[in-house]
Amino acid sequence: MRPISRFGVPPLDELPDDVRERIDQVGEKTGFVPNVFLALARRPAEFRAFVAYHDTLMDKESPGLSKADREMVVVATSAANDCTYCVVAHGAILRIRARDPLVADQVASNYRQADISPRQRAMLDFALRVATAPATVEDEHLAELAEHGFDTEDVWDIGAIAAFFAQSNRLAQLMALRPNPEFHLLGRVPRER
Amino acid sequence: MRPISRFGVPPLDELPDDVRERIDQVGEKTGFVPNVFLALARRPAEFRAFVAYHDTLMDKESPGLSKADREMVVVATSAANDCTYCVVAHGAILRIRARDPLVADQVASNYRQADISPRQRAMLDFALRVATAPATVEDEHLAELAEHGFDTEDVWDIGAIAAFFAQSNRLAQLMALRPNPEFHLLGRVPRER
Amino acid sequence: MRPISRFGVPPLDELPDDVRERIDQVGEKTGFVPNVFLALARRPAEFRAFVAYHDTLMDKESPGLSKADREMVVVATSAANDCTYCVVAHGAILRIRARDPLVADQVASNYRQADISPRQRAMLDFALRVATAPATVEDEHLAELAEHGFDTEDVWDIGAIAAFFAQSNRLAQLMALRPNPEFHLLGRVPRER
Amino acid sequence: MRPISRFGVPPLDELPDDVRERIDQVGEKTGFVPNVFLALARRPAEFRAFVAYHDTLMDKESPGLSKADREMVVVATSAANDCTYCVVAHGAILRIRARDPLVADQVASNYRQADISPRQRAMLDFALRVATAPATVEDEHLAELAEHGFDTEDVWDIGAIAAFFAQSNRLAQLMALRPNPEFHLLGRVPRER
Amino acid sequence: MRPISRFGVPPLDELPDDVRERIDQVGEKTGFVPNVFLALARRPAEFRAFVAYHDTLMDKESPGLSKADREMVVVATSAANDCTYCVVAHGAILRIRARDPLVADQVASNYRQADISPRQRAMLDFALRVATAPATVEDEHLAELAEHGFDTEDVWDIGAIAAFFAQSNRLAQLMALRPNPEFHLLGRVPRER
Amino acid sequence: MRPISRFGVPPLDELPDDVRERIDQVGEKTGFVPNVFLALARRPAEFRAFVAYHDTLMDKESPGLSKADREMVVVATSAANDCTYCVVAHGAILRIRARDPLVADQVASNYRQADISPRQRAMLDFALRVATAPATVEDEHLAELAEHGFDTEDVWDIGAIAAFFAQSNRLAQLMALRPNPEFHLLGRVPRER
């Protein structure tokens, strides 16, 4: 079995306090520590910037863009980049946020045939453009989002999430980052089991 | 929620006996009838040819190519084609055949980082070439498989499975074929639960 | 000169009766035995499934889709896959079916500039989508075919032929299947010569 | 049936003398006037430059690069560009120059499986690189040609022919240039018929 | 530092008179001899055809297509081909012709976000199609240019310039042609400095 | 002329103190405020994370990876993404850091023909892989960097810079971010002018 990261994982007790505390915190909330935290902690300054960037884009809920929508952008663009870690980890979060055990697999394999709303479809079309053909983003594509009721802040968020995960996917693939086994099953069976 | 197939599904009692019997048989064995059988039954002659082709390639186990290996070829090439039905359905079968709850998600997202043997890696490299760049298959690629211990029949099988699912993927996408919900969870949790 | 197939060709007298009879039959009808029959006969079960699938899709004529139309789908999609055998062999059949010595070369090199009807153009646009970007097939593309007068069965046929030859092309390229020399000239000169 | 060129063809008697004489000359030699001459004559200065460039590269035979080899470069690169006119017209010339009725169809559909020498294969690999990924041409690729016995002038010629037909293909496609029907059959049957 | 051309540069005094005179002439006009002239002079016949073709397309100004427009086509298509020489050299000429120090860098990196008119945008969309996907040029694309006021001769010119530089780019990349250092700065600062 | 950003730029006096101070600081150092600071300041939390991430990767000099090398990675990967802002702005910084007025244009148009060392070439090959085909990053590619003397931290840096600018490029293209005119000329002429 492959290691968590090509670059190894630092001993927790050698980490700066704020980094270790953040890791403890996510471990308590999730029930395990997602490997991306351990792998990135090898570079505390990058860890801090990454987590700050992530949280300001993802730990947010606006009338136009739910947390589930945001995760859907992550899964669709990460799948386009063939990023195992992000597809598996954020697939789990999407299942939980959307309370839907099927949608993540659908979006990861071919979002064009997923059970999503036309509004979500427009969101993913735009996100995929930012992710895979960013030079072709034009005013008309932002206007299409507006027609589906996304306001300016939503458009920025969709684009910025796609951009941030363009980075995250590449970091995970640079590291050959391994998803925690727990992610594969999360959100697939009712919580009470 | 989308229908099973863009072309609809025929009433079971209007099907020719052999087709209906085959469907009953797979339903008993699997516990549910995979949607591909229902959707293809709309055209009995194609149903028969498809099933015959599938079974002669997939219901076979050779010293060089296990049933799990064969399913791994299906998952990897179907993922390259973004085929939701085949990734989800054969991902389930791969989990069961390989007795591994993680490998299907790994192979579907990026087989280059999956926990597979060098031999399986060579198998998938060849299968992906057949699936996505068939005009570039050359003698040297067959020779590489031989170096990993695959014999001539194995090479034919790997290539023929990739070719057969090039067809299956396209049929499923033509139909927007919907995976049965059961597939998403199959093989992820121990059987006895 | 390269052999007929990388995997060789079995002695005719060692083949199961039904396979040999089918080969004799096509030899009598065509005047020579197309190499695909010889090469596939190495695996009788696959031979039978392949031929059955082929015939149910191709030996059919519907008001909306002539045999020449079907061959045109084969030539256009096989050319997109750079499959020498299928382009040469089905190019010959297209010339004969369409009674046109030029159209196969036009369709094989660039169907967008071929002397075909707008209806055939729509048919090829759809077939090419199934062949080369199947994940992008959406309801609107089926609707476009309907606008050109193709009914539901025609749409299935066009898509299924493109899918079946996605497989055939890959098999031929796996084998480096050699077209019979006769195909290159067939249908180029008036029959009576 | 489509016209010879999207831009039309000028009346022969309105052409400058030298252009008309050149057209007469090629008509006498070939037995018909290839449409590219008629279409380009609309712009006499471009006609002259095009013909001069063509002749200095193609009407040449060196120990390392026969006229048949040169035509083979044209057919392979024009096929990669999906240029109907150049594939059909230069396919005919290749058949004649190589005295081989099959090689043009092989090279046009997939040169990797054509009956050509390793030396010709190396020539086409290089030509295709120039034609389709010119930014990736590196010293090592020129060195590979040298290993196959091509001298510096041959390398220039192979590259320059691929470059010249990158232009020709695009001109022909800009015009939707129609191949003369005669080309389709030329070189396929013995001359004396 | 790399040489001017992989194929070397001939001694000026060994060149035919007309070639040397042309080189002297451009040297006087520009203040230095652009390397493409030196590199191509190695083959006088090709030099003459190339220069003749270039001049008839580029040394022309029509009501619909200024010299700056023509250079813009060169820069945009050469950038799509990643051709260092043509981007740098014609970027300089574009800056001068357009009297704009910024537009060449914009067009070279992403013409979709450049400060150009809708008419120029349509021109570049068409030119890029000819340069990178010539098989897809259809009547409707020529009609779009007409809607922006380009007449038939302009359309030919735009397409022919894109085609000619498809050749030039490939020649420059075959040679690894080095831009003269002067080009990098030309047109970036006011002349009087 | 297009605006600085599709999303507008906030009034400086409405920004949080730390953001405004950072902007003042860079303005003093550079002589003008690069537009990316103004555009991103619209979202202070993202501004802070972006700047922190940027600085920890780029304001660093290690024995194996100079600041000029880091900028070279930015220019090459941003050019592959067709990002006008990053190519122009970081092209300027590269010219300054490398004290070379030509290298940025070379790297931006085709780094394979740039005047760079084999070590820098290996660095860019890896960075481009991370930028454009991240799923294909394998252990062997990291080993190739090690052979050129890059240590583990250098490899992380190269990959992380490519990843960070995958994000930056997409943000800039989402905004249609306009490079400051000053960047186009910076580093092209000796400082004392």
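As written, the chain order gives the labels A, B, C, D, E and F, with residue 1 at the start of each chain.
The criterion applied here is as follows: a contact is a pair of C-beta atoms (placed from the backbone, for glycine too) under 8 Å apart; a residue touches a chain by one contact, two chains touch by 3 or more.
Predicted model, so just to flag it, every value in this text is computed and none were measured.
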Other chains in touch with both subunit B and subunit F: A, D
Chain of greatest Cα-centre distance to subunit C: F
Angle, in degrees to the nearest 5, of the Cα rotation that carries subunit C onto subunit D: 180
Same or different contact residues where subunit F meets its copy subunit A, judged by the half mark: same
Rounded Å distance between subunit A and subunit D, as computed from the means of their C-alpha atoms: 51
Geometric centre distance via CA averages, subunit E-subunit D, whole Å: 24
Centroid distance [mean C-alpha coordinates] between subunit B and subunit A, Å: 28
CA centroid of subunit B to CA centroid of subunit D, Å: 44
Contacts with 2+ other chains: residues of subunit A: 82-83, 110, 135, 173, 176
Full enumeration of touching chain pairs: A-B, A-C, A-E, A-F, B-C, B-D, B-F, C-D, C-E, D-E, D-F, E-F
Residue ranges of subunit C in contact with subunit B within the complex: 6-7, 43, 45-46, 48-50, 52-53, 56-57, 81-83, 130-131, 134-135, 137, 139, 142, 152, 156, 159-160, 162-164, 166-171, 173-174, 176
Parts of subunit D lying in touch with subunit B, wherever the complex brings them together: 110, 112
In the complex, subunit A residues that touch subunit E: 135-136, 138
Subunit B contact footprint on subunit A (complex, rising order): 1-2, 79, 82-84, 87-88, 101-102, 105-106, 108-110, 113-115, 173, 176, 179, 181, 184-185, 188-189
